[in-house]
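Each of the next two complexes has chain A plus one more chain, namely chain B in the first and chain C in the second.
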Partner chain A sequence: MSEVHGQTVSYVRDKMIDEQVPPVAEAGAIKWLRTNLFSGWLNILLTVISLYVVYLALSLVLPWAFGGVWNAGSLTECREVLFSFYKSSHGGACWAVIEDRWLQIMFGFYPPELYWRPILAFALFFIALAPVLFADKVPGQLIWFSLAYPFIATWLIWGGAFWAPILAAMGFVVGVLVLKVLGKITGPIVANLGAVVAALLWWGAIMGPINDGLNKMVGGGRLESRIATLQEEADRLPREVAEMEAISADKAAGIAEAVAVKNDMLQAMAEIRIEEFAVEAQLEPKEIALRRLVGAEESLENLAAILNEWDGDPTAASDASETDVSKAQVASDRASGLIQDVSDLLAESIGDIENDTVEPSVVAAEMVASAAAEDPSILTDADALVAKATLIDPLTALQERSEGITTQSSLDDIGALRVDIMVVIASLDADIATLSGIQDKIIASNVEDLVEPQAALLSQMADLAALRDEATVVAQDTFRVSTAQSNGRTFLSSLMTLPDQEASVPELRDQTIALRDALPRSQRGLIAVSQLPDDASSDEQAALSGYLDAQSTELSIQASIADTYAELGRVGLRPIDSRDIGGFMLALIIGIAGIVLSLPLGILLALGRQSHLFIVNKICVTFIEVIRGVPLIVWLFTGSLLLNYFLPPGTNFDLLLRVIIMVTLFAAAYIAEVIRGGLAALATGQYEGADSLGLSYWQSMQLIVLPQAMKISIPGIVNTFIGLFKDTVLVVFIGLSDPIGFSNLIRADTDWNGIYWELFVFIGALFFIFCFAMGRYSLHLEKKLQREHR
Partner chain B sequence: MSDTTTERAVNRDAMKVSDEVAISITDMNKWFGTFHVLRDINLTVNRGERIVVCGPSGSGKSTLIRCINRLEEHQAGTILVDGTELSSDLKNIDKIRSEVGMCFQHFNLFPHLTILENCTLAPIWVRKTPKKEAEETAMHFLRKVKIPEQADKYPGQLSGGQQQRVAIARSLCMRPRIMLFDEPTSALDPEMIKEVLDTMIELAEEGMTMICVTHEMGFARQVANRVIFMDAGQIVEENEPEAFFNNPQSERTQLFLSQILGH
Partner chain C sequence: MTTLTDPPKASFRLSQLIYDTRYRSITIQVIATILLIVGIYWLVNNTIQNLAALGKDFDFGFLTQPAGYDINQRLIPYTSQSTHGMAALVGILNTLLVAFLGCILATFLGVTAGVLRLSNNWVVSRLMAVYVEGFRNVPLLLWIISIMALMTEGMSRIREFRVGGDASMILNDSVAVTNRGVYIPGIILENGFLASSAMNWLILLVILIISVIVVRGVRKRADAVQEDTGVRPTTWYQQLAILIIPVGLIMILMGAELQYPELRGFNFSDGVHLRNSLIALWLALSLYTGAFIAEIVRAGILAISKGQSEAAFALGLRPNRTTSLVILPQAMRVIIPPLISQYLNLTKNSSLAIAVGYMDVRSTLGGITINQTGRELEGMLLLGAFYLVLSLVISGAMNVYNNRTQLQER
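Showing the complex of A and B:
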């Protein structure tokens, strides 16, 4: 074959050209730049504009953020330090507030010695999350930990006896057991209802007595030893508190000393700068005067132009038309205005220079005194400084001359005046230039002189901050011990009276029963005297109120016994009040609880909205529409104020819990709509496929429909979650101290009054980290699912 | 489109019809709103019978076989499947559905599960078969439909014919006593049609009771022991394949057959 070709084809390439590197402009970074940033004139324009905007933004923000002060005890101190660096108190951020208060922004009023509890809860959260987020990478048994996590976390954060979370979790176990047993005997609806009833029964009626019993059992055994330790503590703690107070006083003295040193340093730095200030005082009025003179000179120029064009007084000519007359009028008015301006500006600049606070000679003396010692050239400059009088005299003469000018003055006169003003301008200009030169030299030599004191100031501020931290720790310890002391005292007295109280219970009960039996049968169920019929006699009223009093005494004694035992018998963590939980931790608790609870609720609502069961469907639709149609803040107010109104009196329903419920319901409505979109996007064939295999409704939902619908809905779900998480800051309006609430609290402190930006930047950054992470995870998940089942 | 069927000899002797009744439909009527889709349907299918249902589009073929496993609800008459009456009792419905396999025109595989998971899902969750056993069964049927090597892929990665065979295997994994096919080959290329029909013929040879909506007349001739022609919601003609094709009684059937076989 090849020979044939060799003859018939005139030229066949038998050697391939080696592969070549593409031209520089078509490869690597340059190619990338060309195609992405500079591909056409519009693109180039946009690139340049955006680069410029980015540069502008960064050039404002970065120096502010990175030139900030980290160690200071108050906004005033911050400003002092900033001023000693930049000669302006706005040159940098005052991050010291974050340094000082970040623990509060994170944890609220949670006791600092117990910070490990929320931190541990948060760390465990990620372990609990692993089986959900990375199901394919961790062992399946970990899901049990995820299920137990809500109880563990609640216990860690709020504290209490270790059996409390176990008892609470048992409610679910009871529910599931009942479901299993009833499921075998009856239909699914009865079984589900039975399970719910059983769980509620457990939580409402069985859990409390078991808890009390455990408390009593453990507490009874500890009574003696506890009384002994408390008495021993009562002797010891006051001494400890006294010692700590002495230490505190020491620290306060140390701090006062450090503050004095710092003030001296600031003073010294101000002295180094004193010549700068002197020159500035000299410079500023001169610069203003110069601007005025330039203005006067320009006015004269304009005046000359107008007069030149106008050329005399056309109104004198008899043939002047009406328009000419009116034009002449305008020109004459403007000329008069300009003349007035010139005169005023000249007068003002004389005033400026006269007001000039420091004589140039004084400045020169200053130079001699100090700065010149380092830079002799300053002396020469100072010699050249013009005396104030040498400027004022010619200016006064000029001003007098300017008053002589009218619209009738000759152009020559005006020109001459202009030239003379320019001479003064030139001399003033030279004067200013000399001063600026001096100023630059002084600043340059001061910069070096200031380096050391500035560094010393920073380290002094750091020492001061450290001292203050120590003082805070001591103060917290003192507070803790003295609280423990007073609590111990109260508890000791309730322990002492415990036997008496217990002994009095049977008697009180007998008394209550006797009083009750004395009442007419129809009145025994009443709970207030006002419920008696109007015509009840005063004896009847007295009898009922006696019975009610006795009953409430008995109940309160019983409650106090139960409380004492709970405290005595607690094997577990110190309980923390919801009021002490605040800051970013609060946002996280509400956010995470809301997210975890709203997803299942949202799924149920979405399924309900799709359901063919009329009532279920309508309930879900109404719920979703009502919740979605009202702003979250309204629901939060409803939760915090109105809910109490509807609940039976005496039920003390934790505000935080109410907020979590409201946030959950709100987010669930949105999640439901997002998931409904996913369900609608699913082909009916999927439902039919599942049905034809004999899967039950819940099985086909769980195994076929929801996994696919959820996959479609991931972006929407995560979006809702991010929104929910950020919306938690709204709780500030119902009096919870979330991060924003805390920023208000911090500002209420006189030390930090007036600080905004730094706090908001910090809080914003905290939220951003979490929201960004959620967004990234959702992208990762989408990609992964996309890969797996196309 | 008629004769894409196999050249291989079909072993009709193996297909025994017993006297036991598998499905019996009496005076069944169904409406969609006011539209009367199925009128007075009477049909008895014995165990081991292979019924082919054909008829023009919109005549109610799909609706009829979907009624048999209650994907559609009928409004009058009775349907007995294996002696159990289809009513709104959920327990009966789930029981019947797990006894009756169904293959759809568009396969309806679950795209988020692998082929193996598709096949083991129902046995594990409905029949409560242990996972291992379910997987063995699934592999057995996947071998039978000749795609065991695809077990770990996702449905989206398979061809149409392969997907339909998976769908058949998925139904078989529930060990159904009756199989319903709703135009299993009409979304496929001729090549793939053959794969699927081969599988169905094998099933028939094993004695499976089948009701098959299809326009594959070759398949009907070879495999069916009765062909049913439907029009406008009614069973117009019902006969053995030879008689049905060679000697159609009603005019409507003749017209339909001439259209479908004519060219």
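Showing the complex of A and C:
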């Protein structure tokens, strides 16, 4: 070929040209900008608007956030520091409140020396989570730890004897054992029912006595030695408390000294800035007067507009028609109001200048001292200030003229008055400009003098914060020891009375039984006198109330014996009351407990909703729809107000536990819907395949359907968890102290009264970090699962 | 040779109840029913006992007794002498009001943010991502109290609006943003046909609804003409006229007038006062739900395969026609179901009104009424029933709509 062409064509390219460098506008950052940000007029507009929004937001937030104060003991101190840096109280954040209270927002009133317990529980949570989330990367045996984790975490957070969680877990073991044994003998229905009954029997009837027995066994051996220790402590602890109080008094004195030093520093800085303040004192009333004059001028303008519209006095101009007269009356009233305004405003502005400002000569005299020495032009400026009389005389004249204005006045008069007011406005404006010029110069000359005191103030504040931290530690120790002291005293007295109490139990028991037998058979089950029929005689009432009293005395004595033994025989961690659990920890506890407990319930509900059994299906559908149709907050109120109605009389348990129950039921309904979606997304072939293998319903669910459906539902479950976790803040409305509850508590403290944004930002950031991380994780899972499906 | 085995004898043994699949389902259902009945009996019995022990009865009579408390925001006439039932109704209307306003604004915000997040413009899409993630990952309650704090702490006090004060009204002196709420111009009907102003507004609403129905008729006819002739008659001016003229005419007859808020003494009078509680709740609910709707809209648009728009371009449709005729109708099908559940969430979340003291049904019926009468069981039951019915009605109505759009698939 080439030979042929060789004769006809003089040159044939046998090599591609090297790739050329693209034009500048078609490569790199410029091309990216052109295609992404400035590709059309709409895009340019959007870019500009959003850049402006970003600028606006950042210019508002960044100086506030990064110019904040970290060391201060109260909002007032924050403002003092900000003021010494020429910032308004909104110009910088008072992060000191976070520094001061962040532990409270995180842990609530949990004892500080026991923080390790919730932290350890939280760390273990991730280990427990590993076999669920990263099943392919961790050893399979770890799943046993995951199963044990709920009991370990509960024990760590609430404390108590170490056998309590073991006994509780034994309930499940008993259930499984019964299931295994019965499963071999009978069918699955009987075995399941038997397992549930056995577990309930264990928790309801067997676990309590075993626990009490263990307490009594351990406690009985300790009684003597414990009394001895407590008596020794009763001698020792008051001395320790006294020592600690002396230390804390020392610390308080140290703090008072440091505060005095700080106040002196502030005083010194104020003295440097005294001329600024003097000018400021002149500037402010004049600015107010200026605004009033502008207002007067505007009022005159409006008056002129009304008179112009009605061509003179509105009442005179109107004709006879009724609506017109009433409108004219309104206009006339308005005009009179405006006239009054003008006169008042002029009088007030005279007052502002007359009473609140001084002669320029006085101002100038104050300048001579230091600032003027650095910048002599200040004095020249001060000479330019007009005398008070120059402003007041024309204003007085104007005020007199304004008294003469009525609705009959001519537009010319009003116009002339307006013009004259404007002249005064102009001269006042010039005066204000001069003053603020002077102020700027003084500030400029003060800047250098202030650098050193400002730095000193900051370091003093840091020292002060360190001192306060030390004092807090001492105060916490004192509180701990004095609580231990008072608890020890109470416990000692209950130990002393323990033998007597134990001796009195049989007698009380006999007494109760005797009183009970005396009652008619029909009344023995009653729990209140008000339940008696209306025609009951007073004898009957007295008999019943006597029996009820005896019964409650016996029960309370028994409970107090059990409590004493529980305290005496406890081998384990110090118990913590639910009331002390709060802050972000509370949100985590409710959220995690809610999701862990609701997952099995949700699976059962989802299976029930998919079921062909008519009644089971309808029960599940009703439950899910009722729960989902009503807001969580209503369920929480139901839990705190109504749950006691639905349970046997006399039942009363922890508010936190009630909240967890309600949250669990609520989340279960949502999770059921998510899992139902997963079940529905499975191909019918999977169900049919399982059936054709001859698997039973539970086998097919457990081996074929649920593993696949759960995999599909994981992102939805994570999203439900995020929603649930955010919703935990609602518990603030039923009296638990979650982070938002603590933000209210902190604001109730006089030190921090009026602080909002710092707390909101901190709490919001906490939730954001957790929820955002979970959201990203769910996205990651979604992607991973998608690949597996292909 | 055929051997005929006898069919198994139809004998029934007790164990078949458990082992035979024909009977087992009945056994399970019977057990479930018995457990359910026992459970309900247990709960009801406990409740009766507890109520008796407290000396209370179960009675809804309190609804007809005078409430004795004031409600600062009301859409219907109400005084402290009105009944508890009336107070509950005022609360219900307030809940519906904030839910309605919230749904509108949330849809607007959500659609805007969702579409812009897909934009090629890097800055805009990042900004929208920040909005969506910021609002989705922080509890709604925090947003509500933040906006409330912004309103009460950040806005000017009313006395600063007086002549010579620091603050001034915005939008040509028609709107005042104060720390006690926002004052906007209101429309008053000076000489309405009926005595009560609510009834006059109802008349206007009915006329508007009739107009909308007529407009739909016009559109339907235009569709028919297009089917017949292939040319769509221009009807937008007819539609606009039918919508505007009757309502406008009646309003003029009733003497409608725009009333601007005006500072008199220590407060603004005239115009409409939007309380801080309403504003905070409304904005927070809308911004929060808007972030979720944005994600739904984005997912809906992304769910339409690229081939659809390419095919539309191949047919010669312009981009905006492609969007309105091809992409949106298909995306709507994906968007509507989760959108419904977001509306439901917004309505239920409006019960967070408690944080800012907005008088919704939870605050009146579920709050003050319960505290005053001590009828927590009855009150909570009614409250739960209200939310349940509302949820079922909304989801039912939306499901009807959903089914209609779904049917066009085949």
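By definition in this document, the second predicted complex is superposed on the first by the 537 of 790 C-alpha atoms of A that agree within 3 Å, B and C clash if a C-alpha of one lies under 4 Å from a C-alpha of the other, contacts with A are read in each partner's own complex, and residues count from 1 in each chain.
Following the convention adopted for this analysis, a residue touches a chain if its C-beta (ideal position, glycine included) is under 8 Å from a C-beta of that chain, and two chains touch if they have at least 3 such contacts.
Remember, it's a predicted structure, so these values are computed and weren't measured experimentally.
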Under the stated touch criterion, name the partner, chain B or chain C, that contacts more residues in chain A.
C
A:Gly685 in the overlay: touching chain B, chain C, both, or neither? Say first, second, both or neither.
first
Would you check which partner chain A:Leu695 touches, where first means chain B only, second means chain C only, and both and neither mean what they say?
first
Complex interface listing, chain A residues touching chain B
683, 685-686, 688-696, 699, 703-704, 707-708, 711, 788-790
Parts of chain C lying in touch with chain A, wherever the complex brings them together:
18-19, 24-25, 27-29, 31-33, 36, 43, 46-47, 49-55, 116, 119-124, 127, 133-134, 136-142, 145-146, 149, 153, 163-166, 348-349, 351-352, 354-355, 362, 366, 370, 376-377, 380, 383-384, 387-388, 390-392
In their shared complex, at which residues does chain B touch chain A?
69, 71, 90, 94-95, 97-102, 104, 106-113, 121-122, 125-126, 154-157, 170-171, 174
Residue numbers on chain A that touch chain C, as the complex places them
35-37, 39, 43, 46-47, 50-51, 53-54, 186-187, 189-190, 193, 288, 291-292, 294-296, 298-299, 341, 345, 348, 527-528, 530-531, 612-616, 619, 625-626, 628-634, 637-638, 641-642, 644-649, 722, 726-727, 729-730, 732-733, 740, 756-757, 760, 763-764, 767-768, 771-772, 775
